[in-house]
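What follows is a set of structures for review.
One chain, chain A, appears in both complexes that follow, with chain B as partner in the first and chain C in the second.
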Partner chain A sequence: MIKRLLIIVVIILLIVIFLPFMKNVILKDSLNELSSGYVEKSVSDLKTANIVTAVVVTFRGLDTLGEVTVLFIATAGVGLLLKRKKGEKSKKSDKRPASEILQTGASFLFPLTILFGVYIFLHGHLTPGGGFQGGVIIASAFLLLLLSNINFQFNHTVLHWVESLSGAFYVLLGLLGLILLGSFLNPKFLPLGTLGTLFSAGAVPLIYSFIGLKVGSELSNILDSMRGAEE
Partner chain B sequence: MRYTLILGFILFMIGLWAMLTRKNLFKIVIGFSIIDTGVHLIIVTIGYLSGKTAPILDKLVTPANAVQKVVDPIPSALVLTAIVIGLAVTALMLSYVVRLYKRRKSLSIEDYRELKW
Partner chain C sequence: MITVFIIILGIIMILAAIIAVMSKNLLTAIISSGVISLLASIIYLILSAPDVAMTEAAIGSGLTTIVFLYALSRIKKINKEIDDD
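On to the complex of A and B.
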């Protein structure tokens, strides 16, 4: 009873603290200096149609590298916590296989979903989307396979190589910018092209593709670990 | 005052309440996810400028008038980052829950007294 009272007091106090913030929030009607600088630069300097992508991949590229690192560490943690013991890997599950409709539907949708994910991260500099979204869509395609086929096994060698290589190439592209142009993750070492076409924005689509592959393989890894845990 | 700001705040409070009162470990993780969503909503709202559009160039948002037409791209980029991190952290927490359950065969927080303050 005391506990519940304390919780209510804590929540009411938080409301009292934050309410003045919400009342006095200043609603701007124009961009501040930094944001308008980013908007102008991403159009004139980088030829990136999606300004959010320009911010994520270029202006705040180091943040994104850190984010990919956090994702990698979380995946490693999930893998460590839900590690399967050797030997019980090949245990046949006694569950019923999924119905014909589910299996056919999943095998029909799987390549389309992968294709859609690749499209999302290749067009990250033009349309809403990018590496993270595309990677999640690819992982959802694998989730579909996991759900519809109980005996589905990931090829771990391929998964690990895709993950490691895409991460390494991401850093290498950043270092290439450092060597050629003097700043880390500078995508202007490739031709910039014209605004709004697929081959534009220098190395931004390339970097976002590597991020997409890395996120996709990492999330597939998480799905695989979690599936292994339930057995 | 924007309504999405209030909505984000309410979501944050619901999540906090769930984390503080629920006993089931999975429900605590769900509470964390709800807090996450509330925070994302608040960050996006702060970057929104009324009457303006997404920061993506097309026929209407041309390079010449982009600065006048788009909302702040930085909070959007931050939320993009935060969603992925939130997903990874939720997955990590869920795997902790699975591990704890395997060890102690219980999902109630009351059975884990080692970290009680």
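On to the complex of A and C.
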């Protein structure tokens, strides 16, 4: 009874707190100074057609580095908690193999999904999407493989090297901007090219590709440790 | 017209959230929380934020649901082992 009463009190308090925000909201027709600066600079200075990417990779690049670090720590935590005990080899479990439809569909869709993921992060500076989205799509392709083939094992050496190297190269590219141009994660040390072509926007596509590889390998690692612990 | 569509999607999202919290069956709860993310990604797309919509669809309704399902099957397995002993 008291629990119910407390819940109602909390809900009423939340309404009291958030109602002023709803009442006083002002919808603006024009961009404010900061956002119009972003919009103009991403096209004129960086030649990045997708403004979101310009903000994520360049103007707020340090935040993105932080996000990648958070994801890395989360993966490390999952891997640590669900560590497979050595020697305790999986006693042949009663898992059924996947159905014919899933196997055929997965073998058809797997290369296409990988290709789509790579396309998403390579074209991050031109079309919606980027490293994070492309990486997740690649991880979902590997998920399809895991679901359709119960005996599939990741090559952990390759996975770890891809993850570590792409993370290291991401930071190296940032440092290269610091050394050559004087600001961390400045992508303008490569030729900017023309707006809207694949080889444009300086180092932005390179940085986003490394982020994509890192996110993809990290999420595949999470999926693998979730599944591997199951056996 | 678009506003009505968004309101309908929002109502379905709230219902799915209530189901996810109230449901006794964990599988139902996981699926309905995946539905919330899927509908949220449609709303982001309507509000012309395709970048966010992609992330929400891929992570929220795709990977998170699968990770929860793996965790659920793991819990069930552990419970079974405890029962067997």
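Here is the rule we use: the second predicted complex is superposed on the first by the 227 of 231 C-alpha atoms of A that agree within 3 Å, B and C clash if a C-alpha of one lies under 4 Å from a C-alpha of the other, contacts with A are read in each partner's own complex, and residues count from 1 in each chain.
By our rule, a residue touches a chain if its C-beta (ideal position, glycine included) is under 8 Å from a C-beta of that chain, and two chains touch if they have at least 3 such contacts.
None of the values given here were measured: they were computed from a predicted structure.
Trainee: Looking only at contacts as defined up top, I'd like to know whether chain B or chain C touches more of chain A.
Mentor: B
Trainee: Of the two partner chains, chain B (first) and chain C (second), which one does A:132 touch, if any: first, second, both, or neither?
Mentor: Both partners, chain B and chain C.
Trainee: Which partner chains sit in contact with A:52 here, chain B, chain C, both or neither? Use first/second/both/neither.
Mentor: both
Trainee: Which partner does A:74 contact after superposing on A: first (chain B), second (chain C), both, neither?
Mentor: So A:74 only meets chain B here.
Trainee: After superposition on the shared chain, which partner residues are touched by A:36: those of chain B (first), chain C (second), both, or neither?
Mentor: Once the two structures are laid over each other on A, A:36 reaches chain B alone.
Trainee: Once the shared chain is lined up, is A:226 touching chain B (first), chain C (second), both, or neither of them?
Mentor: Once the two structures are laid over each other on A, A:226 reaches both partners.
Trainee: Determine, under the contact definition given at the top, whether A:64 touches first (chain B), second (chain C), both, or neither.
Mentor: After superposing on A, A:64 lies in contact with chain B but is clear of chain C.
Trainee: Just checking: does A:15 make contact with chain B only, chain C only, both, or neither of them? Give me first, second, both or neither.
Mentor: A:15: touches chain B, not chain C.
Trainee: Is there a shared patch on chain A that both chain B and chain C touch, and which residues make it up?
Mentor: Shared contact residues on chain A (touching chain B in one complex, chain C in the other): 50, 52, 128, 130, 132, 136, 219, 222, 226, 229.
Trainee: Name, in rising order, each residue of chain C that touches chain A in their complex.
Mentor: 50-51, 54-55, 58-59, 62-63, 66-67, 70-71, 73-74, 77
Trainee: Quick check: in the complex, which residue numbers of chain A touch chain C?
Mentor: Touching chain C: residues 50, 52, 120, 128-130, 132-133, 136-137, 139-140, 143, 219, 222-223, 226-227, 229-230 of chain A.
Trainee: Report the residues of chain A in contact with chain B in the complex, numbered from low to high.
Mentor: 4, 7, 10-11, 14-15, 18, 22-23, 25, 27-32, 34-36, 38-40, 43-44, 49-52, 54-56, 60, 63-64, 67, 70-71, 74-75, 77-78, 81-82, 126-128, 130, 132, 136, 195-196, 215, 219, 222, 225-226, 229
Trainee: Mind pulling up the chain B residues that touch chain A in the complex?
Mentor: Those in contact with chain A are residues 1-2, 5-6, 9, 13, 16-17, 20-21, 46, 49-50, 54-58, 63, 66-68, 70, 72-74, 76-77, 80-81, 83-85, 87-89, 91-92, 94-96, 98-99, 102.
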